[in-house]
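Below, subunit A partners subunit B and then partners subunit C, in two separate complexes.
Up next, the complex of A and B:
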């Protein structure tokens, strides 16, 4: 007689039948990530005619049945706005994680699909999706989700108002490429070639110096040396003209932090009581006060930017004991992106104060931004100053330019072209097209 | 095989509110082929069933033919004292068709206020006493909670409950082109409204999406295609005099009915006043604007809340009053129900008989010599008559080609259509 099955005999599970596809990142993915196809929706053009629903349903069910479409147009009766609910084919789709039968997968082409064979129409994906994009057909109870018609979306082709456009994603984000190149060159120039020039640089009559170092110098010596003070102006003038461009594009320590961020994608977070952007102004005051009390530029000895720049070339790079401060502070990146820049950097504090006089600003036009939108600008911002919740409500978020490091990631990432640079005197009322 | 087979569910719902009972029976294919559908079929069903309201769709309703949003209601109008056909747009037509019913005959009088729910080919009569005297928009919200329809709903407002003759049916709480007293007829039957679930579908023609796109491309250079929105249609009607009632500071957004490429509605909102309206009744707004000038929008809002025909209200409002006085006068209309028949607003350009035949709410858009035939044709085929009037270059053959490409079948359809129009207009 055959023995009854034990627990070990039936221990195979879904992982054995349908293992999860593990994301393998190559070096190329870091610098030239795969394209991210999606359908962009312009609420200004949409008249709510529902042609997209009709044509979509013909693909799903071979007949015109708007309730079975993978796209849904809804109207806000109070505001008179139309919105399309459709799959954004997220980079990290929550529906994929939520699906208990692993019927939803993200292909190499970036399209998130439902494998009908495995789908049990449980509807967990509709609950998990922040945009409620997988739609349960009230007629057949089936789940329908946009698969971009395998690269040629019918809704885009047939929309009479051209309110829907299809993008295969940017092949190469030029701002991103340019920023990394500038950061790398700046790092090499300041750390390897022109050693120590960030702290103080003199060529003939021209002198340049770190503004925070200059403030400490004034405090420690008790005298204002006009040449020294004016030499600090270069960075301040750059900040007035272009915001804190130095922090986002030039700072060698910022470059190190961006590299560390790439290898520490999961963040632990800071306790709430430590998350005050005013802390860096306290650090600045402490640095200046300390210099006055001690009689030397106290903070400069532990300044991560200065430490990097004064490491006296590649040979000395590994010998310098000072350099221990760099990995120690870079380790803060485990808690949050650009933690040092957000909360502690006194150089950033001086530039932040100068940025009050800036000539430009970054604006994000909520009207161009889709409601229930991607919020990619908020996700990508390394200093976390873009309010995604405001965008979801159709309001242009007020971006504090004293905190913005002008990395322009938001501009680069926005698929709708809603993030832009404007002069500070150009009026942008919340909700209006910028 | 009938070329219309894929364009209908071939189901007729018959409701007797007095029992109440609801049955669904198959449509006679020969009758459908002979009458094509829409108001021609409605008229025939009305003659078969006597004192009833017949709701019907055309073959193109819900299809890829442009502006295929039409639902028609045929009944004996208490205002015009003859049979009238009232058009309903937005998503009503497709919602009815996708609920599995092509035509609906509503007979008898219910003992209590009732509502009809149609979905998946089934028709149910449900009590609606809790909706008595409730504003139209609140009824819509209540119905959405109760039925969660992905389709549409037609309801009557408090005005109909108070027995007012010039009450008007409200589609999704936005009003309608009903100026023939359908709401009062529904109220007389104790019928509060009809909800269409709209969770089904129909295959229609396979080439239809491409045909629709070609047709849109053909008319895309037309002046009427470029100039859109409520004001553009007002301009076609009366030179745009009434367009001035929309203040410049209002937020405006053009809106379209189901599958319509040329929107003629405008959503206006005043965010600071928390006040918004979907303007769709061109005749009603024009009548109110003529009487009350810049105060027309707040008065229109009150009319929509009460389920009143703005044109009917405009005729009864006294001249030279303030906005508050006019608002008070509208409220007073509810309590002092005026049952006397007053001749409805007529267009000076379209013969009274023709205008009244189609419910008195369709704007007189030129060319006016063919106005009634083109309206009748659109209301038989299930296409928005306003769209068909605005684009005279679209012929009936263009629309019939959505049903069949075969020349022999097309000729037969053409003959049936001509006979149907003649029968409708002869009433």
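Up next, the complex of A and C:
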């Protein structure tokens, strides 16, 4: 005796016919990320001749009819500007989400295609796309979308001014490996080899010391020790020359935070009332004021960097009341990446104040990049200072160098070389970046 | 200025609804069944065609605003009835009559470019995206391309 069918048994939808393909990340993707192809467009070179439209329509409809092309050249006559609207083959395509029949798919090779068999020409992809790149032919009411001619785009080949370039992006990311190596070496040096050297280091004539510790020392003792003050300058000079390079590349606690970030990929989010980057300057003022009131270096006893540097060795490791601060603060990583560095670290506050005198800046040229379809720089930024919303609208984001920890993840990740280091006084030419 | 009845007669003639044999192929092909959980006979192409053929009032009905104006129904119709043309003509009549609460106008140029239920469907699908995306969704595709030019060229 068969059981009678319920409503769930007979419901049959698109999930059964065309299930969504879930993106799988293999180990190979992590070390050698896939190089997805796309066409970059240079508005300065374009003359608005429309050759790309014509050559594209011959592929779509076997005749020269610019309205049936997958690319649209629009002209602003008042400003004399031309622009080609092209599919950017987004990393997370909105048209794929919006398509009611799931006719649009992103292949493993990174090309977003419309399968004509399932397409109903409804035009919801045009509605969802921020640049309205899928184009509806007003005559035949068909939707045409670029599929990169399966790897050899005709528009790129026939563009007379070579305003269109086909690219697969950068191949090798060397900054990433270098940074992890430097971080590991400096962690070993500061924590294992020279124990406690970050706070105060003396070898013969050379002395180096933590600037925040020096400030607290001055506040607590009331005297300025010239050797201590001048030895603190080394880190400050490095900051003036190269930004807060210490935070991103050297800091042992930052290395621990980066490691904890690797094992906690899902972030819970940070409460909004604590989202003030000025808090760390308050912590710095509190540390200096507390040292003045108490008569000893108040913050240094609970400083996670100093505690970590003093932790190696059997005796000091089990003096664990101090060391408990390190896992406690590293646990903040669950909420947001580098939340200690963003909001609280007084060492970073001193370096951030010094970075007002910085010599270099990081620029991200939105004209050269793929804007809303990429935004990887905003995603990888560990301190979250790159505004994805600005990039999404095509505006070059302004990067506050007092907050930037110079980890250079954005430069490393950008496949099109739009993120660069420039001198502070250097004006960036419009053709290159900005 | 033509009367409402004249417009509906012309819409019938343009779309060829008199040939409808009520086979229901258009309903089977219609993507609205996947899009809306409250998909019903009133909003399906066959229901609207039937309503028109029976002479019932369809212009003031909300159900003509769910269609995405796709080509699926006309593709499979054995009689060559274009339900898209019919619904498009009905919507134009409705806008002329002043029934515009379900028509979405572009915030930049003021043209009617999509129906509100269809827009809501796209909103629902893109819910996880950041909020400032919805400003671009309020703008019709040609104006969006113009804005893209102004920002990036």
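In this section, the second predicted complex is superposed on the first by the 279 of 434 C-alpha atoms of A that agree within 3 Å, B and C clash if a C-alpha of one lies under 4 Å from a C-alpha of the other, contacts with A are read in each partner's own complex, and residues count from 1 in each chain.
What we mean here is this: a contact is a pair of C-beta atoms (placed from the backbone, for glycine too) under 8 Å apart; a residue touches a chain by one contact, two chains touch by 3 or more.
Nothing here was measured: the structure is a model prediction, and the numbers come from that model.
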item: Subunit B versus subunit C as contact partner of A:83, first or second or both or neither; value: second
item: Which of subunit B and subunit C A:137 touches, first, second, both or neither; value: first
item: First, second, both or neither for A:255, with subunit B first and subunit C second; value: neither
item: Partner chain(s) touched by A:61 [first = subunit B, second = subunit C, both, neither]; value: first
item: First (subunit B), second (subunit C), both or neither touched by A:100; value: second
item: Touching partner for A:299 - first (subunit B), second (subunit C), both, neither; value: neither
item: Most subunit A residues touched (candidates subunit B, subunit C); value: C
item: Which superposed partner A:343 touches (first subunit B, second subunit C, both, neither); value: neither
item: Shared subunit A contacts, counted only where both subunit B and subunit C touch the same residue; value: 79, 81-82
item: Subunit A to subunit C touching residues, read off their complex; value: 13-14, 43, 72, 74, 76, 79, 81-83, 85, 94, 97-98, 100-101, 120-124, 126-128, 130-132, 136, 141-142, 366-367, 371, 388-389, 392-395
item: Subunit A-facing residues of subunit C, complex; value: 29, 31-32, 34-35, 68-72, 75, 114, 118-119, 121-122, 125-126, 129-130, 132-133, 136-137, 141-142, 144-146, 148-153
item: Touch list for subunit A against partner subunit B, complex; value: 47-51, 54-55, 57-58, 61-68, 75, 77-82, 137-139, 154, 158, 160-161
item: Sites on subunit B touched by subunit A in the complex; value: 62-64, 91, 94, 98, 120, 148, 150, 173, 197-204, 209, 212-213, 216, 251, 253-261, 263, 267-269, 271, 274, 276, 278
